[in-house]
Amino acid sequence: MDPASLVKLFAQVKAGKLSADEAVARLRHLPFEDLGFAKVDHHRVLRQGMPEVIFSQGKSPKQVAGIFARLAEHEGNVLATRATEDQYRAVSALVPKSEYRPLARAIVLKRDRRRYGKGMVAVVSAGTSDIPVAEEAVVTAELMGNSVQHIYDVGVAGIHRLLAHRGTLVKARVIIVCAGMEGALPSVVGGLVGVPVIAVPTSVGYGAAFEGLAALLGMLNSCASNVSVVNIDNGFGAAYVASLINRR
Amino acid sequence: MDPASLVKLFAQVKAGKLSADEAVARLRHLPFEDLGFAKVDHHRVLRQGMPEVIFSQGKSPKQVAGIFARLAEHEGNVLATRATEDQYRAVSALVPKSEYRPLARAIVLKRDRRRYGKGMVAVVSAGTSDIPVAEEAVVTAELMGNSVQHIYDVGVAGIHRLLAHRGTLVKARVIIVCAGMEGALPSVVGGLVGVPVIAVPTSVGYGAAFEGLAALLGMLNSCASNVSVVNIDNGFGAAYVASLINRR
Amino acid sequence: MDPASLVKLFAQVKAGKLSADEAVARLRHLPFEDLGFAKVDHHRVLRQGMPEVIFSQGKSPKQVAGIFARLAEHEGNVLATRATEDQYRAVSALVPKSEYRPLARAIVLKRDRRRYGKGMVAVVSAGTSDIPVAEEAVVTAELMGNSVQHIYDVGVAGIHRLLAHRGTLVKARVIIVCAGMEGALPSVVGGLVGVPVIAVPTSVGYGAAFEGLAALLGMLNSCASNVSVVNIDNGFGAAYVASLINRR
Amino acid sequence: MDPASLVKLFAQVKAGKLSADEAVARLRHLPFEDLGFAKVDHHRVLRQGMPEVIFSQGKSPKQVAGIFARLAEHEGNVLATRATEDQYRAVSALVPKSEYRPLARAIVLKRDRRRYGKGMVAVVSAGTSDIPVAEEAVVTAELMGNSVQHIYDVGVAGIHRLLAHRGTLVKARVIIVCAGMEGALPSVVGGLVGVPVIAVPTSVGYGAAFEGLAALLGMLNSCASNVSVVNIDNGFGAAYVASLINRR
Amino acid sequence: MDPASLVKLFAQVKAGKLSADEAVARLRHLPFEDLGFAKVDHHRVLRQGMPEVIFSQGKSPKQVAGIFARLAEHEGNVLATRATEDQYRAVSALVPKSEYRPLARAIVLKRDRRRYGKGMVAVVSAGTSDIPVAEEAVVTAELMGNSVQHIYDVGVAGIHRLLAHRGTLVKARVIIVCAGMEGALPSVVGGLVGVPVIAVPTSVGYGAAFEGLAALLGMLNSCASNVSVVNIDNGFGAAYVASLINRR
Amino acid sequence: MDPASLVKLFAQVKAGKLSADEAVARLRHLPFEDLGFAKVDHHRVLRQGMPEVIFSQGKSPKQVAGIFARLAEHEGNVLATRATEDQYRAVSALVPKSEYRPLARAIVLKRDRRRYGKGMVAVVSAGTSDIPVAEEAVVTAELMGNSVQHIYDVGVAGIHRLLAHRGTLVKARVIIVCAGMEGALPSVVGGLVGVPVIAVPTSVGYGAAFEGLAALLGMLNSCASNVSVVNIDNGFGAAYVASLINRR
Amino acid sequence: MDPASLVKLFAQVKAGKLSADEAVARLRHLPFEDLGFAKVDHHRVLRQGMPEVIFSQGKSPKQVAGIFARLAEHEGNVLATRATEDQYRAVSALVPKSEYRPLARAIVLKRDRRRYGKGMVAVVSAGTSDIPVAEEAVVTAELMGNSVQHIYDVGVAGIHRLLAHRGTLVKARVIIVCAGMEGALPSVVGGLVGVPVIAVPTSVGYGAAFEGLAALLGMLNSCASNVSVVNIDNGFGAAYVASLINRR
Amino acid sequence: MDPASLVKLFAQVKAGKLSADEAVARLRHLPFEDLGFAKVDHHRVLRQGMPEVIFSQGKSPKQVAGIFARLAEHEGNVLATRATEDQYRAVSALVPKSEYRPLARAIVLKRDRRRYGKGMVAVVSAGTSDIPVAEEAVVTAELMGNSVQHIYDVGVAGIHRLLAHRGTLVKARVIIVCAGMEGALPSVVGGLVGVPVIAVPTSVGYGAAFEGLAALLGMLNSCASNVSVVNIDNGFGAAYVASLINRR
């Protein structure tokens, strides 16, 4: 699919080193392997410049460990999100250098310590209960080579707390804001800065919070124009987008 | 139903002025009249200390005028909300002293100009498009004998605009906050003051605002504890509750 | 942010006691401390006249105890809502004078026993299963210095039960009504009295009750104008609003 | 399908008057005719003891008139619900004895004036705006041979209005209750009587009424056990069910 | 509230046996007792001709037993729905004659064995998984003095199964139809008979059944006019309504 | 993308008729043209064996006509669905042989009259108001070369009407069933036959039909296993799928 | 119900071998038996050409085993879906030849190994977590006599993975596509082939996936016209429909 | 609020040029003006580096023109979105140099023609009907100083159309993807590139598209990690975020 290799392929055909049929077959040969239950795509690293990530929820410890170990054979960092301690035990048996971050519920194998991001990514969260989601964002952003600063417990009902952190906010190149309940924090943060804000609704709250729906709708309707939104509790996704922006 | 009258009724029975059957019949005689299509309840004034109000939407101009005129025969103020100019024309033919407030879409007959509220009611709104709802609240609160101040166009994405009005906010005894889109303003206002905040979600916004649902859910999930909520676009209801609080 | 201190600050600058930079820094110095996982805001007491409250759900016993103990170092009452017995055990180890109210699922430290509310707050609930929410409201309102009376098990399908309590209802300055299922009780209560009614939908019911959604919608659409609504099961919020109103 | 005719059919076969094939064909011959766009089923009268009814909404005046005229060729009453004046003009050209009831939006051809219902059907409605739905129920119930009494404008926020009609309510054999907004009226009525209550949610209300959804959910969750529910605005259906009950 | 007693009360006043104040107080004295956590209303029996019923879900075994025993002190049948075996054990310790019906999850005390219903109530259910709801309806209807017949496992995808039971269906005076999934069975049954059909959506199904919502909406939109609907899984409510109809 | 052409392409490279770069460029050359506002893909005919179809809703008459005319330059049939008479006038000016089918709201250009389907496609609809959707299915299926039979007005509340058409149903190779309201018809039809049933929910109904949502959920939860579902009112899609099945 | 038997029946009547009444009775005798809790319909095999299937979820092991054993007395294959290992143990005690397929959560008794399907059914799934649903489809399709090929882990965010399997896709006669999250895979697959695609939304995903609702809506709105949809997680239903199509 | 000015302010106080009270007052003086109905905030330009934008929907032509003219007095570009031709006429009377872009429904005043973005922004849309939203994004992005390329009509059901544009896609620094119906396009685009993708759900589609909800949910659940989402039809918001990213 990449022009250079194609030109090379055609050159080999012209030079008689490959028959037409062999060339077609080779075109078909795409770079992924079959583990039986999941096709691991190492080329995604090339395509997107980011490590493969395992979404562990709903997978058995053995499945998580199997995929993790396979990915660890290649270079680069490996991350398993939504991982339990049980899943970590299975992973660590196969990949002893992996670490578990309980707050973020993440298994991490960090080998590439280069700084890819040009500036700082701020991760802001509204309440104590939003911390797991915010930590998932922090761990992910760090693993993807960003300088990260956290600002925790700065809900909109105590606006002076947030204003006290204005200095940090204006220094960030991208800001991730995690909030449950009414999901108002991204709007306020968005109004204070001139950089992209990635909003993460969290499933924190009760009653009419409807597992994050209220926060999600709030963020989608933000009156601040620099806000875009990812899925409920998706700290990983927010950090992934923020990392891409920070590399621009 | 009121003990004093009951005691008097029993006294009449005892005195032989009323037979038992007549007394039972009288107990049944409740104070409302039959207009054919709507029973107007003048005692509500006594019961709740507020004028009768007509919700005009979905009623014909003739129906609105009929009810309005009937209510105008008694003392006190009369208010018709969600009224069109057509409905006003029908009302004004019967009740020439009535006035139309186009921004608030209200027909008003103001005769009782006493100040019932002990302090000031602030009405805050987020955007230009929330004004009709906010104005309905303003007109209602004024008609119910309150001193009212409006603070308009102070959305959360420009938090300094709101902070500039902090002086007015802290002087209010009750605050009504009207906001559409993400509905975050009541939380921020609620965090700045120590008085009850009545939140009114408006149907302003588009897409995932879902006709006010996003704002409604946001307000119900407010992280500020001094916030309670009324129905979408219900400026009247918010002012009614605020008036009762302001009379405490 | 408070004018008096600002004037004093400028005076110090003028007097040469503070450099301009020091003054700016001091302006930035806002009154909250960092516990690592949650910024406790003692000034909220000043700002709103109410104690800090901990929402315990989803926090570890250790986290609840940590915040509770810190807040207990200052004066005033402390309240932890949605608390389990496990969380209470952790709190009581650090704050032996704290008490657990199982029906209300609340941990309470009551030191300020002044009566702040001017009148009585009535708490009305529809069914046996609404009691936990109603009790949360009762405990909260008492802790905030109100005289409280409960009226339990007075659903709308037996309207005479409610009418029998009319005497208590008309004596209240504010009324909290907790109801699940169709959520009709606030409308009926609202029609009987001339004071603000705070409606609390509860998640009681089954099938199309949809975890309190039916009651919530019912209350938002109340045909009684003196009703405003808080989140599903939010007995605390209702009592907080009621307390503010009762202090007017 | 009816045993008697089947026995007769077999007897004819046995007697040699019908061949087996003819008998099968006759079994297949079901009693409805083909109008091209709608199969009119006259046997429904026999099966359910009620006239055929035309739901006019979304049909052209010509279509309504065509079906109406066809039905009018047979005996019995004919009813077209949700009919516009345009549709009525088309019907009345073909069936001059038909009448239009504007409040109920119904076209009526009344020829069978017998009283089928054993007792009285009460139709109760909460507000002026619920009248069209209530009137549809009234017209339908009358056409189906019931004695009907209406009690209008008796919302739950003025409970004494409803209690004043208790005499009528306890005389009814079935009660239809139409209400929008919070839909609480059926619960209160249901608690006052010992007869079946058919609840009709109406699409009256605004904001979080969500076109009748709030009322519908409220009624389905009624805490009164004698309440069952029909579709939003379905006055016809309620009267149909009530008529069947009243014939028991 | 009942005219006869009122007349008697007034007579006593007239005769000087009661002072006016005592009479007022007595009017206030309504016939329910206070158990501490639930007001049991014995008069409901008089008012509606049906025994008191306990909804056991969410109540402790002790609470269920307490209410059950109290109700058992009076005459008539007692029913606890949604009861667990644990709750039954607590009840049976206090009321040894009570029985547990596991399929229906009901505790029953049957003392009044009179036949109140004039005809037969048919209970139809679509699938094996609808049986608990259908059995709740059966037990309730029997306890309320009806002759009951069940027709189980007759879903619409095998329409001949249902048609085979047509004989029983046409003999019923009222029919209860329980169905999950698409909830189509009441429409088909409704089309076959000329009696009221009470539809009970069940939470059976998966995926887009959304816990009974699909069935509920299906039934509310039934194209058969003799169908009314109760809450999801509310077998009790259906039987209650059916019993009232069967007594007409 | 098709192996044969690829082999040929490589052969040309080998033979020196094409340079490697030219070959790469040719691989890139995909068979669609640019109309400015819509890329018309003629190869879709080859890929799927069906004509291109224009969804006219929301397009201007000029846009519809432009695309239609372009498609008409090639062979095969052309179909514009959801077309207004205005759109047809614009099309017919450019393509005089096109025809308008008002019931189905379709513009048709039929040139290929071959019979591609192996058997008959039955289109069943429940009520008069479902006809536009059913007709869209009929027109589409005919245009795609199928023999089609319609069975109209056979709702589940009159099950004998449907049973009378059993002969036609069992002869069909695929059945399309259009139904609004409770959407039960596909389940009943599905139970009578052993062929695939394509269910089309229609937006017919009112109140809790929620614009076809009730029917959609009903069909997705069908207890008949041979039913699959397309979007609300999507008669075209159903006919498209049915045509593919009928060609198998 | 089948003409031949009817003709025979009439012939017997004519020949005097059966009385008319006996014939009617025989007509009534439909071919299912009563197990007490579920009517097993062996004729469904004849009617639809497929074995009876047990939906095990929510049934006790004993119930599943009872139905399974009964069905196993007749010829043909038997399938129990959504079965737990506990349920299998109960089944295998009665039917030792039954097998458990843990990935598909299915109990299988395969005796008829004929190939009924004319071509190959491809089962495509997007992610590792969709495998249980896809396997249910695979097991079902195999049991119904189809040749089946699986293509796993080919989500739309790595479109080249899917394209690599194009060869298999174009060989299939029907394609089942299982996908959670955004449910986009059926659209992409549908665009690549000219055969019917049966889309199965899975409940995989989190947050705004809302238990499969996002995928379901995505698939219903597919821009590929050859897609129809079954219920969330309904791998069985998809395979059933695919089998019918593959037999055409 | 900006440290430099604060330091300067304190310096003036120190120098005796300002009293403490004057300094406090000046701190309060925030930079916005009062137009009566909307506070225009010129400083937002400084704060976020972008021009003020008017959301015209629901505003009168006079209101739009008033705000537009006021903003035009200052330097920089002005943009009014969701503008009608009527609104444009009012604006152009006051600001003759403004232009109307009908496809994008935008009024534009372009004076600053500098290129602020570092690279190219690609705007991709799925269908003809998504063009208005896509054009709003294009106009906005151009006005904010970006090089923009559009790729239109590349839906996922014809994946080769999209692949043909891969060259453009990989050259973009940010990509905006507008799609209605199933909203799958951002996932596919996201998988092809390594840059941030801003997804805009459009309200295009019918039936179960539910005014853009299906697309919105699809995009939030994207299996491509580089996707974040803005509100339904919010082309402006997407371009705003993209512009900020492109300036990094």
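Chains: A, B, C, D, E, F, G and H, in written order; residue numbering restarts at 1 for each.
In the analysis below, contacts are C-beta pairs under 8 Å (C-beta built on N, C-alpha and C of every residue); 3 or more make two chains touch, one makes a residue touch a chain.
Quick caveat: nothing in here was measured; it's all calculated off a predicted structure.
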Rotation angle (°) superposing Cα atoms of chain C on chain E, nearest 5: 90
Chain located farthest away, centre of chain H as origin (C-alpha): E
Centroid spacing, where centroids are CA-atom means, of chain C and chain F in whole angstrom: 58
Distance from the mean Cα position of chain G to that of chain A, given in whole angstrom: 38
Chain B and chain C: spacing of chain centres that average the CA atoms, whole Å: 25
Distance between the centres, which are taken as Cα means, of chain H and chain D, whole angstrom: 54
Junction residues of chain E, two or more chains touched: 158, 163, 192, 207-209, 213, 216, 220-221, 225, 231-232
Every chain pair in contact, whichever chains are involved: A-B, A-C, A-F, A-G, A-H, B-C, B-D, B-E, B-H, C-D, C-E, C-H, D-E, D-F, D-G, E-F, E-G, F-G, F-H, G-H
Residue ranges of chain C in contact with chain A within the complex: 1, 28, 30, 32, 37-39, 41, 44, 55, 57-59, 63, 201, 203, 211-213, 216, 231-234
Contact set on chain E toward chain D in their complex: 47-50, 53, 118-119, 166, 173-174, 192-196, 198, 216, 220-221, 225-232, 236-238, 240-241, 244-246, 248
Contact set on chain H toward chain F in their complex: 128-129, 131, 152-154, 158, 160-161, 163-164, 204, 206-209
Chain G - residues contacting chain D, complex: 3, 6-7, 10-11, 13-14, 16, 20-21, 23-24, 27
Chain H partner contacts - residues on chain G that touch it in the complex: 126-127, 155-159, 163, 180-184, 187-188, 190-192, 205, 207-210, 213-215, 217-225
